[in-house]
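Look at the two complexes coming up: chain A is in both, with chain B in one and chain C in the other.
Let's turn to the complex of A and B:
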């Protein structure tokens, strides 16, 4: 039971922070299928800086966890500029731009990883080794049954994500910037009429989504995969999109969707393990989160509504 | 003053080739391709290699240009045929994306639909020992039906329950991947290759190692079908009521509804066609280009096709050319990396760049028409 909660949380929270990035972008009116690419590229920049710094100064790569997180956020944000420029300045189709960015991210990071490994370490490996981030347990609280599992074996990034997620929630729903951002996705013309630059708002929204996705990607690299390779493109970004649509483009329901994914995933793995079935049966339990989502969507989708101006290119002259 | 004028005339000569609106659907992708090759050349220069030689090797490897020497039974023709072999599933997959796109739908699930139809065709026909005459058409039929049903399910869920097709297709991709991996590993695994057992030659849509004139070549039968299908799709989309209705729904759902077009029916229909095409991509991939299925892996074609379809303007004939180009870069990369000593991964970077720049096509078009207007204004004010 405890493992379900522990593993579920460590999967759900990075997913959640990527989904929040998606919510920012989509609430401002920019369709964002590029989350997958952002998280991968962010993780690439983070892992690369960690590996290079560890190599240059001889520090242990475990200690560079926070440095990697920082660089991942910067990297994700930097890469998201492409999506912002393409879909806001160049008025490209946002869906297409997103897909192209995913393809480019995969291609660039695989190419650069082998290239850098060959140049710096002299071995043409296609991954950066990172190891798994250290975990901590809050004594005392951890002994409470069931709830205690939340405080057991926690990755430090889970705390960071919760703090950032709270801040993101506050920014989106309680500040003037957040209100304008949400209005840009519903009725950009009224935002414009109020004397606010729609393009600027949307630009910053996309950058925020890149920043948060980079963070999420790095967390995946430091926990599940323990290295950076092209395996980071497992579809986490798409899963985050599914979660945010499921959550009806609102932060709290999206958290619920992410937790559902996380617990269904770890629960499935747990059932397969405890029944001592052969390893191929694990695959069958892996579909649990996805089947569950589809079924729940059948019941809850009727009232789902995307931001009205989502995916539309903002044209001042249009009425 | 004169310098300014020179700059202007230079700018004019640059935009002139692409200012003709009639040719823009062709000229703008063409310009994007050139720009991206220049960008790729810069990347290759940066790692200290000769870009011209690299591109030349790329075309040699794909069978467009002759190599200096060939292994036994091989020639430029065999290379070219393997190019067509690799290109066939990509054409089908990109057509699938294009049809859905025309209906305003976004089919990310091509990979999943490919896998399901490829798997079903493999276990029903591939292991059956039927004669080639029956087996090959049956494979195509199963592919089409399986893919079509899966696509139809997505359309139906969208129409009936308002479930966003992006989410459904992503979920179905995962479900297909895991469920089929389970069945392969339980019942159909080849212990040596760690893949599904190889299918019978009779069921395979590519004739392998056919000896003609002292050459051993792979003849992709699906390729001809792919070209015919592209023309057929063009005909259906441009000349029939079905195509008109699908496009009308894609352009404006509400207007289509107001005009009395059944939006729900057309949504499902478009997804059935799209899924059917994805199914054909699946059988030409798993029972043509390959002859077995690797468990737990979705083919990247499903995602590449989205971009290839865009490069071809979501137009059936354009799709043929764009998949041709992408396949050349893909197929030639092995030879290029062995000859020029450049990592093979650069090929996907080039493809990525091409797609990136072609996504800017709309902007280019917009800029060109703006410049043209300015030009006209200036001439008027001067006279």
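Let's turn to the complex of A and C:
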């Protein structure tokens, strides 16, 4: 039971922060299917920086987690500029742009990882080995049954994510930037008429989504997989999109959706383990979050309402 | 210095294929209601968009409070205390009234001296005060989605007032309002003037100008015709200046020569989506050479009758006969082929494909048959030829002829295009639903003339209209509907306007 909660949280929270990135972009009116690409490219930049710095200075890669996190955020944000420029400046179709960016990220990170491994380390590998970030346990509260698991074996990034999520909520709902951002996704004409530049707002929203996706991606790499390769982030970006849609583009319900996915995943792993199935069958339980997605779609599709101007190219002249 | 608060001198603005304003000069005094009168496409909105900072003029100068200015953006206009109340509202329907109003000029406060946040509470209070001062009666915490159109308009007015506008431009503010709402709005506008604001009112409705305006500039095809003192000018004179020729409010028509029966509606009953009977047991006939008008207050079932005849709505009881043939369950295309022309109420959704060009829209009901298509392949030349012919014949005005995107045309010309297309079908029955809604008086006169012309050529015409004047003016026979039932059918000579009005309200029964 405790492992379900501990593992579930460490999966759900990175997913949550990526989903918040998606909320920012989509609330501003830009459809964002590129979360996975941002996440992957961001994590690649983070992992590469960590590996190279560790190599150059002989630092233990375990201790470079925060450095990697910083670079991952920059990397994700940098990569998101492609989506922002294509869909805002050149008014390209946002769905196509997003899909293409995902494919590009996959190809680019695979290629670059192998090249760097070959050049710097002389090894033929498509992975960067990273290790697992330190964990901590808050003594005392950790002994409370069930709830205590939340405070046991916590990754530091889980705390970081909670703090950032709270700040993201504040920025989106309490500041004028947030108010204008949400209005841009509902009726950009009203924002324009109020003398505010819609493109600038949307641009920053997409960059924020890139930054947060990079952060989430790096957290995955430093925990569950303990390495970076192009196949560690496959599917997570879309799971984040599913979570934000089930969460109706709102932060708290999105957290609930992410937790559900997280627990479904860790629960599946737990069941597979306790039944002592051969490893070829454990994969069957790994599909649990995705089956859950399909089931939830049936119940949530009706009551959900996307931002009104989502995916619409903003054209000043059209009424 | 002059006593004008706004002066526009020799303004010229050109768009591709059209001169929207040609050397127009006007001066507006502080604290007056200044009306801009003109038909659709006369250049009123363009002129005011220049003042509002949306467009920059190609030539000419603007002076605000005696100082020469170049208004580069709506923001700049707002700084000069100029505010525009747009015809198309620009509101976020998920936001409250307050949130919409403060968008872009949010008042800020700091939480714990560190985190800035938008001070909604204070803004609510300020807007409530503003609303009270000008008699706007809005609750700032309500969401836009829950408001009526007239309420939303008041939010737009509050938006400019909140930005401390002294010069308020109203762009066709009454086009979307009911008569009672118009009355209320005109009251607000007068209140604003009495509060010291300067008002510019863009409109093509003469009664409104007569009611509230002090002075009035008349524009025609981009030129300034005259600036009038409203008190000393009759509506007839204004109309004449606006259209550029004499206007007949009453259409001359010869008495109807009715021949054989074309349409017979027999005990027709129609249910709406909720299973509620909106048309109840309605029977009437229309003859060749007759204009039959259904009069009634909106939403009393008249549109459903027209839709049932045209085939857009299912019939739940009774029969519709066209030239003796039962068409109750025919498809829409079969009805068209058998001889029904239909001018729908909502011309932009049901009458036209807005993003197609004019020639395609004109061929929309015939494109599938010879000569427009042969063996399923469309002939571009035929479309173009047919389009050019109709443009000439019906005087449809547009920027780029047959290639014009219909979306860019004025409402009056869009309607002309639909009527042209429907007349060309040569159907024995023509249905007009609200044919003159939202078009200017020049075009109204024209549409009435065409209807009468078609009648004289032996067509049977069904007119559904909410405008009692229109019905009294063109109909030969009037059926008055109330609550889904025809209260009275009689020849138009035998009824007075008042009587029809009483039947419409359900106050008088047969």
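Throughout what follows, the second predicted complex is superposed on the first by the 318 of 319 C-alpha atoms of A that agree within 3 Å, B and C clash if a C-alpha of one lies under 4 Å from a C-alpha of the other, contacts with A are read in each partner's own complex, and residues count from 1 in each chain.
The working rule: a residue touches a chain if its C-beta (ideal position, glycine included) is under 8 Å from a C-beta of that chain, and two chains touch if they have at least 3 such contacts.
Here the structure is a predicted model, which is why all the values come from computation and not from measurement.
A.B. asks: For the combined arrangement obtained by superposing on chain A, do chain B and chain C clash, or do they fit?
C.D. replies: Superposition result for chain B and chain C: fit.
A.B. asks: Which of the two partners, first being chain B and second being chain C, lies in contact with A:159: first, second, both, or neither?
C.D. replies: So A:159 meets neither chain B nor chain C here.
A.B. asks: Looking at A:132, would you say it contacts chain B, chain C, both, or neither? Reply first, second, both or neither.
C.D. replies: In the superposition, A:132 touches no partner, neither chain B nor chain C.
A.B. asks: By the touch definition at the top of the document, which applies to A:295: first (chain B), second (chain C), both, or neither?
C.D. replies: So A:295 meets neither chain B nor chain C here.
A.B. asks: Could you say whether A:277 touches chain B, chain C, both of them, or neither, answering first, second, both or neither?
C.D. replies: After superposition on chain A, A:277 lies in contact with neither partner.
A.B. asks: Let me test your reading of the model: by the given contact rule, A:304 touches which partner, first (chain B), second (chain C), both or neither?
C.D. replies: The first partner, chain B, only.
A.B. asks: Under the superposition described above, what is the C-alpha centre angle at chain A formed with chain B and chain C, rounded in steps of 10 degrees?
C.D. replies: Angle at the centre of chain A: 70 degrees.
A.B. asks: Who does A:174 touch here: chain B (first), chain C (second), both, or neither?
C.D. replies: After superposing on A, A:174 lies in contact with chain C but is clear of chain B.
A.B. asks: Residues of chain A touched: more by chain B or chain C?
C.D. replies: B
A.B. asks: With both complexes superposed on chain A, which partner does A:191 reach: first (chain B), second (chain C), both or neither?
C.D. replies: In the superposition, A:191 touches chain C alone.
A.B. asks: For the superposed model, what is the least distance in angstrom between any CA atom of chain B and any CA atom of chain C?
C.D. replies: Least C-alpha distance: 7 Å.
A.B. asks: Could you list which residues of chain A make contact with chain B in one structure and with chain C in the other?
C.D. replies: Shared contact residues on chain A (touching chain B in one complex, chain C in the other): none at all.
A.B. asks: Quick one: in the complex, what on chain B touches chain A?
C.D. replies: So the residues of chain B touching chain A come out as 47, 106, 108, 157, 161-164, 166-168, 170-175, 178-179, 181-182, 185-186, 296, 303-304, 306-307, 310, 343, 345-346, 348-349, 351-353, 355-356, 359-363, 366.
A.B. asks: For the complex, give me every residue of chain A touching chain C.
C.D. replies: 170, 174-176, 179-180, 182-183, 186-187, 189-196, 308, 319
A.B. asks: What residues on chain C touch chain A, complex-wise?
C.D. replies: Chain C residues touching chain A: 73-75, 78, 86, 88, 90-95, 99-100, 103-106, 108, 115-118.
A.B. asks: Using the touch rule from the top, collect the residues of chain A that touch chain B in their complex.
C.D. replies: Those residues of chain A that touch chain B are 33, 82, 86, 89-93, 95-97, 99-104, 106-108, 110-111, 114-115, 235, 238-239, 241-242, 245-246, 280-281, 283-284, 286-287, 290-291, 293-294, 297-298, 301-302, 304, 306.
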